[in-house]
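Note that chain A is present in both complexes that follow, paired respectively with chain B and with chain C.
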Partner chain A sequence: MAMVQPRSTKYRVLASHIGMLCFIALILFPLLMVISISFRSGNFATGSLLPEVPSLEHWSLALGIPYTDDAGNVTQPPFPVLLWLWNSIKIAVVSSILILALSTTSAYAFARMRFAGKGFVLKSMLIFQMFPPVLSLVALYALFDQIGNHVSWLGLNTHGAVIVASLGGMALHIWTIKGYFDSIDRSLEEAAIVDGATTWQAFRYILLPLSVPILMVVFILAFIMTIMEYPMASILLVDTDKLTLAVGAQQYLYEQNYLWGDFAAAAVLSGLPITLVFLYCQKWIVGGLTAGGVKG
Partner chain B sequence: MLTDTLTYPRAENRAFMTRSILKWSALAITVSMALYLIFALYAQQAFVFAMLFLVLTASAVFVFVNKRMYAHRYIFPAIAGMTLFVIFPLMYTVGIGFTNYSASNLLSFERVQNNLMGRTFQSESVRYGYSLYDTDKGYVIYLEGKHQNLMSPPFSLEGDEVQPVPVLPAQQTPSGEPLQIRDIIKHRSALNELKLSTEDGRELSMASLRDFAAIQSLYAVSENDTLTNNRTGVTYFPNHDEGFYESADGDRLVPGWTVSAGWDNYTKVITDPTISGPFLQIFIWTLVFAVCTVIFTLILGLLLANLLQWDQIRGKGFYRTMLILPYAVPAFISILVFKGLFNQNFGEINLVLENLFGIRPDWFSDPALARTMILIVNTWLGYPYMMLLSMGLLQSIPKDLYEASAMDGAGPINNLMNITFPLIIKPLAPLLIASFAFNFNNFVLIALLTGGAPDILGASTPAGTTDLLVSYTYRIAFQDSGQNFGLAAAIATVIFLVVGALSLINLKLSKIKV
Partner chain C sequence: MNKIPDNRAWWLVLPVFILVAFSALIPLMTVVNYSVQDIFGPNSAYFVGTDWFREVLQNENLQASLGRQFVFSAAVLLIEIPLGIGVALMMPTSGRRGSLCLILLAIPLLIPWNVVGTIWQIFGRGDIGLFGWALNEIGINYNYTGNTGDAWATVLLMDVWHWTPLVALLCYSGLRAIPEAFYQAAEIDRASRWAIFRYIQLPRLKSVLVIAVLLRFMDSFMIYTEPFVLTGGGPGSSTTFLSQTLTTMAIGQFDIGRAAAFSLVYFLIVLLVSWLFFTAITHLDKEK
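Up next, the complex of A and B:
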């Protein structure tokens, strides 16, 4: 590289490496600590980062297997963590599919068609997606209460309600997909339409196959956002076996019932898959996030 | 496939027929289901909700039937979803802000009146002593009154009959011995459920172990909706300003009903010192929190992004992955992890601090420390996002600018202040505002980490020193006994205005083209 380098560069590079490594150690401390705690026996145990006597007590409880200690005492799992994880995944998969399907078709219309009120709708969607749903929880609660009186699978305390409610957050995804559609040359579709294809066929057979990458990104983004959604699920879901992970996990750390060790194992068990998915897809996710400018 | 349809017009015609039949029947089914829901809601007097679904269904039919609305068919589901779950709740919330909707004023006037009219009491004047006989055919009850004696046919005490047992005037006691009081006690719960009906239409129920008394409605309603208490004779007038039945002495009957409160909730926020004090404190802390978070995460993120962009640094992939780890771990898990680590007695952070410096800070009960903790945790959570944003923006700065400045002998600080910062601040500004708005409403962090604790003293609503406006609103609406939805909605409306202004500014700054 033709760049002019001052002499002090070598020391500055060294200092940067040391600084960043120290910073990373500090940042990772909580995460490493939780992994370590999940292997300690008991809920109040203290010790070094590498437990001297590793115990699988918390892990067995997190996996839903009653744990028998050396003295023969049997501890039952405090909470159905795997069921919560399953609930979360179920809700996230169904709502991501719905979000993907609905926002793709809308984005197509916004990117390719001309109609009255297009700019207005697009701009208002951007504005409305900034309003946090926490503030309208009273209204959402009343809404689902009313619907639930007549359509039982959409009422309070159902997964249907949480799935449907997540459809309110589609604006961000519509914008992301629309941006991608805009970048695809429309002459291919026009050629197909000249050959006699309907608009729907041009969309289904020409544009969609070209957009698989962005559809993956939106699916993953919607999936992660739904998994992490807390306020709405905390109001809509009541029964312990219906909770999602985000709502259920805090029950480990109540003052009266402080299950620090059990929490650590459950947190690693349920957080690890989500973290790995995120790291694996980070390249695409980052692009999508910076386009939308928000994190859920 | 396309050529098929062109060369076989008949097949196309048939396919078209099937499709249009399918289309119309699907439409008919959806519409009839929607109409059922609308009528059911209307019958239950949920007019607002009935109206909402009526508008949605009508526009759906209009869009899907009208050929000219073809483009709108594609966007309709998304718009309907946003209307239903974002815009409608928003307007409904603003509406609630102008009412006294709360745990004590939850119902409509009609339902409150029905509720009060359903209340009963046992008459003092119409009372009968009773005895119970166990005969071959079942139990027989014999009532001794002042004017007449009554007797029932044999009945069973085991079954859970809801039907009242009729009693008729009797001249003599039934044959056999009445049950002893201890045997009656055994049947107490069944007797409690038992209702007897007399010839003149009165209902009797057990008043004590030895008495049956007539059941009377507690309230009688007059023409102008006033209620009279049949036991005390006090008259209650409906007060449609307050939403309660009130007597002349100011006695209130609970429950009350929902009435419009005008600007009451807003004036309360300004004038009532037990609300305005905490509100102002929380508002300032919310601003401080959001500004500090943006500044801290930006500084940290920009610094790390600069280091990662520097071509002298090796192992960028490793650093990058490690540095975005806090972003990759689900927030609800890492916040709870911090809640445990900061715990005063068992937390690992206090353990380390005690070993190193011999101190054990009260992270959750001291306001200043609790706020510090929140800022530390939120910086940890938020810097990777800023780092990723800055990395993207730094890449767009032409490299020769730095080369030129190096020729002139400029150091890193000069580079940052004179090249990097001026060039990235413009595209960064809308993202910073979005981040500010997000943190202004960072409900999950507060709800999971401190829950707002420690509490503000002297507040009449649940309010904590670490509460943000959103979590404050949430607690007023859903926590403790208060459930003051009206007040919560009024504060939510204030936040809506702030957020709305921010997003408008954002839209102007980012110059979005549609």
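Up next, the complex of A and C:
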């Protein structure tokens, strides 16, 4: 999209650059403050943006290393932050891979096959998705409590339950992938089938490679959604060593004792895996969003 | 290959349908079940019919929080949609700077929601937070835990900070999909910047904007984590939105029948507004 460059272009470009910089500054400022708090000694949020006395206290505690201050006092790490991070990554990776696999196959069925009840299933799944998730918390809690009596890895306080609960939010992803499949000309696959390919081969070697951008977008969205999920995980997970980082970070903030510094370090840490995945995949994102969302 | 009905497709769809049903349909049925009964314990429940619904619709507390919810969602849409379009128009169109802008804009979307609430909780505090401190220094008496207006401003600002980038990213991807030829034609006609926006960019953005408005409406209407962490619904109940009222009712007070009836009403409102919006848009499409 190249903007037209009429007469007063120069000022306009300058103004839009300045506007953009201001907006980005507004976006970044609260984040910089959190990063700065995580490097500040003590548990205060006051002080200048650049810490006068930078300290690694909170980071070493977050990474599980006991911290010794100048006076020789040793602070033990209060919470297993790295374990929480590992839990979060494990849950997010497993459920986003499952979401991607399941929604791709069923999107294929919706886009390329005709079967009884297709329109009904598609629409009803989208409507279920509008049911506020917070409202189903109580019901899901009771449900997993019951299941846990029979299948131990799916009960309360297990990661299996969180993963299964996160799989429910798939309808939107199916719609996104289906929209993309619809935009790919099916004559390509038909040609392959005429040449003797099976339906599976046409799907695997023709449709899938063409759909990589949208599949990346769905993977990232699913990854972000599950790693940030708070209400469900906070209700299903109980033990300290089972928590995800999003739930665990909240443990630093008691009514009486707000450990801002430790919280800030854990918060920055919790943003890291998503940021890395996002940085790696961002080149696909704009293409995928464009192709999935805009047609005609 | 697509003309003959092929019910083998059900094998591909069934696992997903079961999962979605498990995490949405079963809770929904449970809620319906609760909403017509008065439950005292595991084995003592009485059928009460529509009593809960009647009571819920007359409950002033719920009406107030429904009203707040509508005001909040409307404010969110009115601020975030135009701002998002504006930011998308200002973004560099390509190259390294474009990617950099994309990444920086996406950062608020990559932060866990409860952390967003906490960041703003710190940021807005008068004693230790930069934002609150700066406002107090320039003579504005700002205190989001005590003053209703300040609490609203903070919650709104937080939501704008958190979600405007999403609108901007969607609009940006929509703008990128406009063929170059459209702009060249506009240049030949010596169209003004406003005319380009009004007659080329805005119409081509429509399908993306529909998605953006629907997403933002549904998300803001069901907002829970961020205001809960930021203000806890206070001061008083001035920033208590619908899901929080509901959660307090169901989990805090174990008033499950009333909460269930109320959540069904809530669900219907979301469906109704989304449907109205969707019909309005498709209707507009047909008139053209």
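One rule holds in what follows: the second predicted complex is superposed on the first by the 240 of 296 C-alpha atoms of A that agree within 3 Å, B and C clash if a C-alpha of one lies under 4 Å from a C-alpha of the other, contacts with A are read in each partner's own complex, and residues count from 1 in each chain.
By definition in this document, a contact is a pair of C-beta atoms (placed from the backbone, for glycine too) under 8 Å apart; a residue touches a chain by one contact, two chains touch by 3 or more.
Quantities reported herein were computed from a predicted structural model and do not represent experimental measurements.
> Go through the superposed model and pick first if A:186 touches only chain B, second if only chain C, both, or neither.
second
> Examine A:151 and indicate which partner it touches, taking first as chain B and second as chain C; both and neither are also allowed.
It touches chain B, and chain C stays clear.
> What is the contact status of A:238 with respect to chain B (first) and chain C (second): first, second, both, or neither?
It touches nothing on chain B or chain C.
> So, does A:137 touch the first partner chain B, the second partner chain C, both, or neither?
So A:137 meets both chain B and chain C here.
> Pick one for A:197: touches chain B only (first), chain C only (second), both, or neither.
In the superposition, A:197 touches chain B alone.
> Considering only touches as defined above, state whether A:14 meets chain B (first), chain C (second), both or neither.
neither
> Just checking: does A:113 make contact with chain B only, chain C only, both, or neither of them? Give me first, second, both or neither.
In the superposed model, A:113 contacts both chain B and chain C.
> Who does A:123 touch here: chain B (first), chain C (second), both, or neither?
Once the two structures are laid over each other on A, A:123 reaches chain B alone.
> Take the contacts of chain A with chain B and those with chain C, and give the residues found in both.
1-4, 6, 12, 16-17, 19-20, 23-24, 27-28, 30-31, 33-34, 37, 44, 46, 102-103, 105-106, 108-110, 113-115, 118, 121, 125, 127-140, 142-143, 164-165, 167-168, 170-171, 174, 199, 224, 227-228, 230-231, 245-246, 249-250, 253, 260, 263, 267, 270-271, 274-275, 278-279, 282, 286, 289-290, 293-295
> Of all residues in chain A, which touch chain B in the complex?
1-6, 9, 12-13, 16-17, 19-20, 23-24, 27-28, 30-31, 33-34, 37, 44, 46, 102-103, 105-106, 108-110, 113-115, 118-119, 121-123, 125-140, 142-143, 146-147, 149-151, 164-165, 167-168, 170-171, 174, 195-197, 199, 201, 224, 227-228, 230-231, 234-235, 245-246, 249-250, 252-253, 258, 260, 263-264, 267, 270-271, 274-275, 278-279, 282, 286, 289-290, 293-295
> Mind pulling up the chain A residues that touch chain C in the complex?
So the residues of chain A in touch with chain C come to 1-4, 6, 12, 16-17, 19-20, 23-24, 26-31, 33-34, 37, 44-46, 49, 102-103, 105-106, 108-110, 112-116, 118, 121, 125, 127-140, 142-143, 164-165, 167-171, 174, 186, 189-190, 193, 199, 224, 227-228, 230-231, 245-247, 249-250, 253, 260, 263, 267, 270-271, 274-275, 278-279, 282-283, 285-286, 289-290, 293-295.
> So in the complex, which bits of chain B are touching chain A?
2, 5-6, 36-37, 40-41, 44, 46, 49, 70-72, 74-75, 77-79, 81-82, 84-90, 92-93, 96, 304, 307, 310-313, 319, 321-334, 336-341, 343, 346, 348, 351, 380, 385, 388-389, 392, 399, 402-403, 406-407, 430-431, 434, 437-438, 441, 443-444, 447-448, 470, 473-474, 477-478, 485, 488-489, 492, 495-496, 499-500, 502-504, 506-507, 512, 514
> If you look only at chain C, which of its residues touch chain A in the complex?
Interface residues on the chain C side: 1-10, 12-13, 15-17, 19-28, 30-31, 86-87, 89-93, 99, 101-115, 118-120, 122-123, 125, 127-131, 161, 165, 169-170, 172-178, 180, 183, 186-187, 190-193, 196, 204, 207-208, 211, 218, 222, 224-225, 229, 243, 246-247, 250-251, 256, 259, 263, 266-267, 270-271, 274.
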